[in-house]
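Chains: A, B, C, D, E and F, in written order; residue numbering restarts at 1 for each.
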Amino acid sequence: MNSGDTAWVLVSTALVTIMMPALAFFYGGMVRRKNILSTLNLTIISMAVMGVIWVMFGYSLAFSDQGNGFIGGLDKMFLRGVTPDSVSGSIPELLFIAFQGTFAMITPALITGAFVERIRFKSYIIFIALWGILVYAPVCHWVWGPDGWLGHGAGVLDFAGGAVVHITAGLSALVFALLIRRRQGFEEDIITPHNIPYTVLGAGLLWAGWFGFNGGSALAADGIAALAVVNTNTAAAAAAVVWMILSWMDDGKPSVLGIVTGAVVGLVAITPAAGFVAPWAAIVMGALAAPVSYYAIRTIHKMGIDESLDVFACHGMAGLFGALATGIFATDSGLVSGHGIGQFVTQTWSVVVVGLYAMAITFVLCKVLDMTIGLAVTDKEEQIGLDVSEHRERAYS
Amino acid sequence: MFKRIDAYIRPEKTHAVKGALQNAGIYGMSFTEVKGHGRQGGTKLVGRSGPYMIDMLERIQLTIVVSAHNVDETVTLIQESAATGETGDGVIFISPVEDVVRIRTGERGAKAMTYSGDIDDRRQK
Amino acid sequence: MNSGDTAWVLVSTALVTIMMPALAFFYGGMVRRKNILSTLNLTIISMAVMGVIWVMFGYSLAFSDQGNGFIGGLDKMFLRGVTPDSVSGSIPELLFIAFQGTFAMITPALITGAFVERIRFKSYIIFIALWGILVYAPVCHWVWGPDGWLGHGAGVLDFAGGAVVHITAGLSALVFALLIRRRQGFEEDIITPHNIPYTVLGAGLLWAGWFGFNGGSALAADGIAALAVVNTNTAAAAAAVVWMILSWMDDGKPSVLGIVTGAVVGLVAITPAAGFVAPWAAIVMGALAAPVSYYAIRTIHKMGIDESLDVFACHGMAGLFGALATGIFATDSGLVSGHGIGQFVTQTWSVVVVGLYAMAITFVLCKVLDMTIGLAVTDKEEQIGLDVSEHRERAYS
Amino acid sequence: MNSGDTAWVLVSTALVTIMMPALAFFYGGMVRRKNILSTLNLTIISMAVMGVIWVMFGYSLAFSDQGNGFIGGLDKMFLRGVTPDSVSGSIPELLFIAFQGTFAMITPALITGAFVERIRFKSYIIFIALWGILVYAPVCHWVWGPDGWLGHGAGVLDFAGGAVVHITAGLSALVFALLIRRRQGFEEDIITPHNIPYTVLGAGLLWAGWFGFNGGSALAADGIAALAVVNTNTAAAAAAVVWMILSWMDDGKPSVLGIVTGAVVGLVAITPAAGFVAPWAAIVMGALAAPVSYYAIRTIHKMGIDESLDVFACHGMAGLFGALATGIFATDSGLVSGHGIGQFVTQTWSVVVVGLYAMAITFVLCKVLDMTIGLAVTDKEEQIGLDVSEHRERAYS
Amino acid sequence: MFKRIDAYIRPEKTHAVKGALQNAGIYGMSFTEVKGHGRQGGTKLVGRSGPYMIDMLERIQLTIVVSAHNVDETVTLIQESAATGETGDGVIFISPVEDVVRIRTGERGAKAMTYSGDIDDRRQK
Amino acid sequence: MFKRIDAYIRPEKTHAVKGALQNAGIYGMSFTEVKGHGRQGGTKLVGRSGPYMIDMLERIQLTIVVSAHNVDETVTLIQESAATGETGDGVIFISPVEDVVRIRTGERGAKAMTYSGDIDDRRQK
């Protein structure tokens, strides 16, 4: 057990936790004022529900080595047998549990951007609990589990969750958005963000928190963690600059909402690659991820899909792009370092598998919820706003 | 006897209008933030998925109750200090007011309207 | 001196410092807009005043070993004799001073929830300075001092401040609320939070910052710190879920303000136990703390006491509950691990002593201030709002 | 490579990154609502632009040892040759790059307070890129570079950037403010902060983040880092208290905006001294820095200079004061520890050199931009507000 | 000659009312956020210590000045597009306006009120 | 037949005024946040660079439309419950309203104004 590594992963756990209010505000700023509490709460409840589930059996399903390549065993339910002395690599196993737990808590929250301002809370809470168990835990096991068939088995590279986090969340968001009805007024383009500064605050804290997300995934305080932090910062910066240029060219002025969106997209794209590529590649990846998500947003919007806060475009597409680019730029196995196309191929089929799996489960969950409780609130509840209709609260007075 | 003047002006003109009125000795007034829609179609803003039109623009509603004989001067002052010459400058409405009560004193009518140093006071001198 | 331990406690110091603006916003969101600056400032000034006092003589009173079991000596005034090479355990003594200083800075700020929206600032500033010296420093010494009669002496367990922080603050809040007049309009229930998103932001940052508060109290980057972080996260999550259920059942809808209050209550309850209990016990403690505080709030309110932001219910009651539960669940000495009722008894009488002491001193301080400067502003000043009447400022324009 | 030191500097990098949204909100709260996005964006874009430039060649210019005492070489462009195994002291060189990069990202953002609410965005973006290259990188090299003529050469003490960060930014701000036109309405005193809570939030997060800024500058998790954190906290606290007293005496009430400004000024003043002076000296420095900046603000204002958010007074003057006071209070070389006036003299002439250099370059940059693109937007654009006129966005709805 | 129509409507109806008016060629209007109190007693919200009643509800005040002959059509359009049939739908008040001034041009009276393409313009065609 | 009463009052008096009116059976009313300027010069606030004057103070505009015969009682109630005796208490304006329409029902005139349990209803009993 190394105290320096432990210190760093402890902090990374706190940094990823900061990302949750940050995400809540990033999203919350973009909804109308009558739905702000509802939107914030979607993330907070994901923290709470997944926080409990993780200790109960989520961790065991994801990381126990008593299962198979597809799912862990149940031997570590309620963290049975784990003591302060248990070790995972150079850090306490309890710390590994805490750090990984924050990933399980934030990933379902990413999806919420797809269906804000109309989601029925009761359905949501059932959805995330099941999604966490049926999508997150297995995919996590596949990629990062001790005997996962994708990571350990096929050699997929996913440094901090391009597939596990962003592709699962982003593609599930798309499916969810296709199955829940659109917001009233979506067509007329009259839904405007109520507090963009909140979104900027969220993005700023996400940027810093992501150092823990990516850097902490090194699970040690070493050169790889440092590399991950440099790359994370660099990709965010590059993507923000490129997004600024794109919006400046298209719309005559550089959009602030666009710039911070660009930063987040850069952070997403570098996530699978953070500890595997050189800083120059982080510039390239950030710079290319921006147009990928930028045009994805406009395309989805033109198709009339109300994927409200662009989770698919920003997390799904940038996550896919990042995962593939890892096969290209990874120093030790990627295409440009002369290691052939093998890694790229592995990355490609694995993200397809992960994406399809997440979409399939999400499809089933949504269909069942839609037929039973209903995915969306009534039109009238939507008009009144979810803060009042779902929570009997008013955000501001 | 009294008139209520409601002017819908550009927010950035608030300070100029207030200044013009005060210079003339017109002191009592109230400002309300409103969203307005008029001849000016709206304005283009840019969101994540591209540009969109906003057809409700921020305007300040300035409400002043004055004695009837001060209406013209007041309206002229507002109109001149609020105009830019471009669509969206806004409008002024004049409507009747039957009585005025000063809350502090309970005074009614003309008495309730007079300030020492205000436009009428100045005229007398 | 261990650099990993040092790194972790350095960060924990920063994390607890983040908890201060977090607390300010947690509270600030619940007051009316005319009192937001006043409310934020109560916390900021606590940071400033206690920050200076701590270095001057607070640390010496609390931690010097040149005193007795009841209070430290004055030999370390202005940190005399402490150099960068001085060591406390495996970390620099200066770091121990900094970390403990943040506790001294935040604890008085917790009390402020009791009297927001009507406190006279001049009285407040005198109150916290004296309270910090007469309540915080001695109790800290009793429990954590090198020769404290409760910790070192009687074997009381208080991992990160159930008694030292939350019971002292929570019970003082109750006394203060009973001695200061209520807010106008309290009876008519017309005082509504002006910005619940601020409260959510505060709660989110408190959640993350608490990892430093509890985890840092291990004073090392080790398995105990990791255990503390896991427990902290788990208790917060469990309490949030339970609070949601309670408010859902009582009022027909799950309250967002309630959910984040629940999370904070879970954090408070686990504080004394964080490094002593197993994660399953953290679920139990979080789940039970929620109803304790939930019903305490409603009871206090029904009694007509304007303890405005429920410091007693959330910190006092959850702190008491946590301290007692530590005697039940502590792995090495608690009831359920078969170590008999001894620890529980110790916990019980010690929190009674601490609670009574804090209440007594607070009573005297409030009485004196009330008779001299006055605790509350005038009715008219309250109507105008404390931002203008006490600070000549307006928060928003 | 020491994992504890690495952990601490990793975190410090994240903490300084948190300071950037914090700074954005600190400033953003003080502008009018029509300019909030513009103001926030000035900081965000500094992160993005400098983030990319730093990796491209900024780091090489500042820290390569293949140059001379005045500027580094270009051998480390795109971090050529730096691998996860490269070491800088006891931490990975990549981490040193990341940590120093955050300084390069935040320093230009400090200047933005001088010209908010009227700056033309296009000019700004060119300005910071050039300023970062022509002012920040060289001065950083002079003071902290391996063979810098001021630090390595003349023995100037600058622990965490009194000269490199605050003097360069603060004095450039003054020059910029003198060359750009004032805001309309400045004379009539009608420009009021639109959201002081944002400013308080920013200040609170800056306070905590500064522990990384100053503490991380020890580049190790040791007693010096701890000393830096203690001093940072203490100076902030002392300055906040003194500022409160000043505003209380002058204006009859203690200003909340003043109190948080005081805290930031204390943080600035202790920056060059953080690891060099004893805690008692931090109290003195904080307490004296407050009046320095306090009266500077009033003087600048009375002179009719619209240095809008007082960057010169708060960063320039407090930075100068701190740099000089370092020569007085430094334990190992300062005046009061009996080491003669030598260090003080060195400090004095070096800050003069740095200040004049920054002012000169800023003067030239501003003049050129003014004659070409124009520094300020048109009067009409200013009246409409920069959010709409420069970004086609509205912050709130 | 002119009338001022003040309608207090549910915020969620704003878009529908605006649309109905514009379709009919009524363009000039201003919206103000108000808190209203009326027949509808209030609504129950939940705070930390349980439920409490709010007796001031968010309403939008829509102010439109129109020529007298357009009052009925305008009122009907608003009433129909804003009604839900449940308590709290709000009220419309009609009051006299004596004069109108367009700030941009200084025009007064009827001239100041006419838009090309507005309700009157359409009628003429 | 109907009158519109616009009162500009201190925000801290809102609750008292609302209470007084409701006790008397006057239920329908709307509140708007405004910034006002009047006899009271303004107030001194303190910024970073020292004190400055704010000459627009926060006021609540209370709008009530009542039947003509209730005007006096309403005005008196407002005046008495809103007064503090210090400059800045505000003013009340009374202006004519020609018609009233209830949106929910489409009713017009007096019918649209009557509440069961309101001031008129009480008088009849």
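The definition used in the following text is that a residue touches a chain if its C-beta (ideal position, glycine included) is under 8 Å from a C-beta of that chain, and two chains touch if they have at least 3 such contacts.
Keep in mind that this is a model prediction, so the values were computed, not measured.
Q: What chains do chain B and chain F have as common neighbours?
A: A chain counts here if it touches both chain B and chain F, which gives D, E.
Q: Between C-F and D-F, which chain pair is linked by the larger number of C-beta contacts?
A: Between the chain pairs C-F and D-F, D-F carries more contacts.
Q: Could you please state the distance in Å, as a whole number, between where the Cα atoms of chain A are centred and where those of chain F are centred?
A: That pair's centroid distance is 51 Å.
Q: Counting only Cα atoms for the centres, state how far chain C is from chain D in Å.
A: Result: the chain centres lie 33 Å from each other.
Q: Tell me, which residues of chain C touch at least two other chains?
A: Within chain C, residues 2-5, 7-8, 11, 15, 192-193, 221, 251, 253, 255, 257, 391-394 contact more than one other chain.
Q: By residue number and range, which residues of chain F touch two or more other chains?
A: 32-33, 45-47, 51, 54, 95-96
Q: Identify every two-chain combination in which the chains touch.
A: A-B, A-C, A-D, A-E, B-D, B-E, B-F, C-D, C-E, C-F, D-F, E-F
Q: Which residues, counting only chain A, touch chain D once they are in their complex?
A: Where chain A meets chain D, its residues are 2-5, 7-8, 11, 15, 32-33, 192-197, 200-201, 203-205, 207-209, 211-212, 215, 220-227, 229-230, 233-234, 236-238, 240-241, 244, 251-257, 259-260, 262-263, 278-280, 282-283.
Q: How about chain F: which of its residues touch chain D in the complex?
A: 45-54
Q: Please give the residue numbers of chain C that touch chain F in the complex, ascending.
A: Spelled out, the residues of chain C in touch with chain F are 34, 185, 188, 190, 383-385, 388, 391-394.
Q: Spell out the residues on chain C that touch chain E in their complex, using ranges where they run on.
A: 189, 192-193, 247, 250-251, 253, 255, 257-258, 261, 297-298, 300-301, 310
Q: Which bits of chain F are touching chain E when the two form their complex?
A: 2, 4, 18, 27-33, 63, 65, 95-104, 106, 112, 115
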